[in-house]
Amino acid sequence: MTKSYIDLRSATEMRDRSLRDKVMSLGEAAALIADRDHVALGGCTLSRTPMAMVWALIRAGKKELSISRSITSTEGDLLYGSGASRHILTSWFSQGIVWGVSKVMRHYTENKLARFEEWSHMAIGLRYRAGAMGVPFMPVRTMMGSDVGGRIDETHEMDCPFTGDRLLLVPALNPDVALIHVQRCDAYGNAQMDGLPFMDIDIAMAANKVIMTTERIVSNDQIRREPDRTKIPFITVDAVVEVPYGCAPHECYGVYEPFLPNLDYYAELTRSDPVAGVKEYLERFVHGPKNWNAYLTLLGMENVIDATVRGRSVYND
Amino acid sequence: MTKSYIDLRSATEMRDRSLRDKVMSLGEAAALIADRDHVALGGCTLSRTPMAMVWALIRAGKKELSISRSITSTEGDLLYGSGASRHILTSWFSQGIVWGVSKVMRHYTENKLARFEEWSHMAIGLRYRAGAMGVPFMPVRTMMGSDVGGRIDETHEMDCPFTGDRLLLVPALNPDVALIHVQRCDAYGNAQMDGLPFMDIDIAMAANKVIMTTERIVSNDQIRREPDRTKIPFITVDAVVEVPYGCAPHECYGVYEPFLPNLDYYAELTRSDPVAGVKEYLERFVHGPKNWNAYLTLLGMENVIDATVRGRSVYND
Amino acid sequence: MTENGRHSASELLAVMSSRLLDDGQTVFAGVGIPLLAATLAQRMHAPGLTILFEGGTLGPFITPGELPPSTNEQRCTRRANMVLSSTDVLLLLQRGYVDIGFMGGAQIDQYGNLNSSFIGDADDPTIRLPGTGGGNDIASLTRLIVAMIHEKRRFVETVDFVTSTGFWRGGSSRVEAGLITGGPAKVVTDLAILGFDQETKRMKVEALHTGVSAEQVRENTAFDLLFDTDIETTKPPTDDELAVLREFDPDRLYIA
Amino acid sequence: MTENGRHSASELLAVMSSRLLDDGQTVFAGVGIPLLAATLAQRMHAPGLTILFEGGTLGPFITPGELPPSTNEQRCTRRANMVLSSTDVLLLLQRGYVDIGFMGGAQIDQYGNLNSSFIGDADDPTIRLPGTGGGNDIASLTRLIVAMIHEKRRFVETVDFVTSTGFWRGGSSRVEAGLITGGPAKVVTDLAILGFDQETKRMKVEALHTGVSAEQVRENTAFDLLFDTDIETTKPPTDDELAVLREFDPDRLYIA
């Protein structure tokens, strides 16, 4: 599973890493993702989820994607339900604590229709980090003795040659594609991120291709004015898509909080019949609208405004 | 040399990591450093050097300190010349390219009066990072085959169990004390840093004690307003000292550039007789002035203003 | 459960857990009871307590009536001292900056192992639960306080799946597995406060809450419990403690 | 040296090195000739060249007449696209984001190993040099262009100390030592452009600068050089190239 270093280096060498305009549409960006790719998603649970790209790849009919994310929420249900993925690697998978255990996740995994590959949160983070650093593994002091570790074949234990400590080695994870959503980014892909960074920086550095969606595209001049605020450099980025409210119904730090009515509606819809519920949601919210703004129209102006007011409030001190 | 994990954890557990006022004077902070401690210095070459603390520990007559820094400039000469240290671990050691090879470094090392332990820049960074992460080593793909690696006993090579690649394992470095200088910090030690971060964050997380000097102390309210700008958290910090121009004659990003006349003067002074030259400099600039502001007075108002104008200019766009 | 008209089971858990936290400690807290307990401790006896959230928040400022809904959204960061990447906040545990981890689970066994992954056989589960999140990391790397409702189906002899390792198979097996620091310290339930035997690492009743009998605890536990020779009785929640809890959670999101 | 009235040896190094850089590449450059050469390439034929500095700067904006004095001070960051920690900027090499490393050294040997640590025996040196800095990392992790003045005392059969590994002991020894990527690509001097033999990895003259003879190169090299069967002659620096160099370095800090 760990990529050979030579292959990783060759793939990176072949990428066009120059300072060039990478702005494109959601549809054009979705075309950069191939069936069976390993796609890593930025953000965590309901935060900075690259929902617009998930939405676009489901609409584009992608198949057999292998997905990874620190914690997986409704986007995981949609990926299972749409058939875009039957394999999600994550540490926690449900809509969110307040909505209980996801009925869709339960249906697909308990009936062996899809795989939920469970690693500890930190182990996933360090797998991305090893990938970002160009080393084949990271040593960790976690997962040992547990059945979480026991169910995984892809780790090795070693005795530290310096201290004699038992250590677990977790393999580097270098996704084929990373989907990241940020508050600001220039046309070249230089990205600024506010608030919680989650694992996004490591994911971007580790991946072989990065699709960056952003609330707004700013000038390169603005980026260069504060180079210490750039969190992901343009050399790692392959596509830049401007998508206001690109995480809806999830949140984007300082811009909008989750669209709770839609999340409640989804939870209700999938509670009694997860399969029919998720299909109905996909028809109505993913396949139905003609574009992302039409999708936002379905979410409703009142909800957009309410989510925005709550989102901005983090700066009201 | 690698600390046992149990010892590292016990030492950390015994530190008072609570949110409390840690403001003190340079002299009080110097008293936290013991003879023979391993002291890591933040910044790099002429940038964000914790010069005021180096100055204070020389004045306090510290002995047999073991020092580490990514790249070492005049502060290394002063530590050798004062007798505060006879062992510096670094990747590059001289005042700066434009002044040529340091005559003081040459005198002390060539005459075996002091040790300059050479590691590659990245290896030093990853040793701090392993220390910061609580693992005993980091795997790297550097230093192999070289005499830099060959002169060091403290590494191990391994064959990667995932890929078969040969890897070098560099041991964690957990300094007894870290000296860090930043632009802003609150009384508890929450630090913001502008511009190049160098290895400072890893050094702070790895160390068993952190002395933070800062251009200014700001309120905790100001820190909490932008928690994503905090680079070093208060839980790692043991002392906070407000020292305007605390890097002089080196630079502090966005505040002042190097005091070139003083650096030229020092280079000239040590060129023909390194021992007498460094002694004279120490007498005049370190032991002579009654406090840090008196030292700045020696540097001269004109130079302070000139360094400040150049320092601020990075924001003049 | 222990609802006696004065307080709910959740309130009892929060109060009893809060008393186990000392001033100056750093606590890695899940949302819900752990967060409430830590906030209560800050108000009552531990003003210098630092709270960490898995999402990456260090030292947030909890405002009465504005409890965060989970640990990964922006509400958790309100007036925090710092936000870090989620990998880096978990690495604080590995480096040793954290004194106490504080969490729950669906099942716990006699050695303090927790399950939040599968009910039934992992290869053919009755229920696929949401999984470990950072639970495994927290349990592997620091001392743990577990807060759980005391029920026979939750307090089982052997958990169906070890999501978060406690004392594993007892004795020194945790350390032999490679987990050389940390381990379960206390289990706080609505019936009792439990610890672990020094040698065997089996769960042991240390104190009973007011009005609870040893028999009651046994009846609600599916394995043989050890009992301390001198079982104490905890002091009931005070009016002050309950008032603070209710001030912070006026909508009874977590203390219902 | 090659000072012929039209340009200095340093200018020749800068021009010849710049021509080896392709558009769209990412170059890890030291200050001085490497930086000047990269900037010249950006102006002449490689507008999409990205420059990295060891201090942690990615894609800075080099202004004519305002060359940075070293790679670790704020002047290097002026209008950069990003600043990173010095560890992270070096990790870009290990991850593979960098196409070319570009540096000098005090000595180079027939296998492209560089010394910037000790003249004489490392245990009792005649001169203790400043050391590797990031040189060892750059040489270990990416393809290298070396720019050096061609002198017998610098082009030695075996360097006194291998600070930055080239092809080590020749043949496949570099790869066997664990350095499975990168390696010296070109050595640019004021006399010639040199590469390395595919098999033996010994240094080989590929082109001579205008007016330089093979004999001259041999005389200034302390080991047996290989020569390509068809040695080319490089085109002399153009007026345009020299004009750009002098626009960027009007004080002749690096092109003297």
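In order of appearance the chains are A, B, C and D, and numbering begins at 1 in each one.
The rule is simple: contacts are C-beta pairs under 8 Å (C-beta built on N, C-alpha and C of every residue); 3 or more make two chains touch, one makes a residue touch a chain.
Since we're looking at a predicted model, the values are computed, not measured.
Enquirer: Which chains make contact with chain B and with chain C at once?
Expert: A
Enquirer: Using C-alpha centres only, name the chain that sits farthest from chain D.
Expert: Checked the centroid distances; the maximum from chain D is C.
Enquirer: Between chain A and chain C, what is the separation of their C-alpha centroids in Å?
Expert: Between these chains, centre-to-centre, one finds 29 Å.
Enquirer: Centroid from C-alpha atoms only, then distance chain C to chain D, rounded to Å. What do you get?
Expert: Inter-chain centre distance comes to 58 Å.
Enquirer: Calculate how many whole Å lie between the centre of chain A and the centre of chain D, each centre taken as the average of the chain's C-alpha atoms.
Expert: 40
Enquirer: Taking each residue of chain B in turn, which ones touch at least two of the other chains?
Expert: Touching at least two other chains: 5, 134-135, 140-141, 165, 167, 195-197, 224-225, 228, 317.
Enquirer: At which residue positions does chain D touch at least two other chains?
Expert: 57, 77, 79, 83-84, 91, 94, 180-181
Enquirer: Can you tell me, using the touch rule above, whether these chains form a line, ring, star, complete graph or other shape?
Expert: Shape of the chain contacts: other, as it matches none of the listed patterns.
Enquirer: Mind giving me all the chain pairs that touch?
Expert: A-B, A-C, A-D, B-C, B-D
Enquirer: Quick check: in the complex, which residue numbers of chain A touch chain C?
Expert: 44-47, 70-71, 90-94, 96-98, 101-102, 105-106, 109-110, 116, 118, 120-123, 125-126, 128-129, 140-151, 157, 165-168, 195-202, 251, 253-254, 257-258, 311, 314, 317
Enquirer: Write out the stretch or stretches of chain A touching chain B in their complex.
Expert: Against chain B, chain A makes touches at 2, 4-5, 134-141, 156, 158, 160-163, 165, 167, 169, 171-172, 193-197, 225, 228, 317.
Enquirer: In their shared complex, at which residues does chain D touch chain A?
Expert: Listed in rising order, the residues of chain D that touch chain A are 23-26, 48-50, 57-59, 61, 77, 79-84, 91-92, 94-97, 99, 180-181.
Enquirer: Would you pull the chain C residues touching chain A in the complex into a rising list?
Expert: My answer: residues 31-32, 54-57, 69-70, 72-75, 77-79, 83-87, 90-91, 93-94, 117, 122, 125-137, 140-141, 161-165, 168, 173-174, 177-181.
Enquirer: Which bits of chain A are touching chain D when the two form their complex?
Expert: Where chain A meets chain D, its residues are 5-6, 8-9, 12-13, 16-20, 132-135, 188, 190, 205-206, 220, 223-225, 227-228, 230, 233-236.
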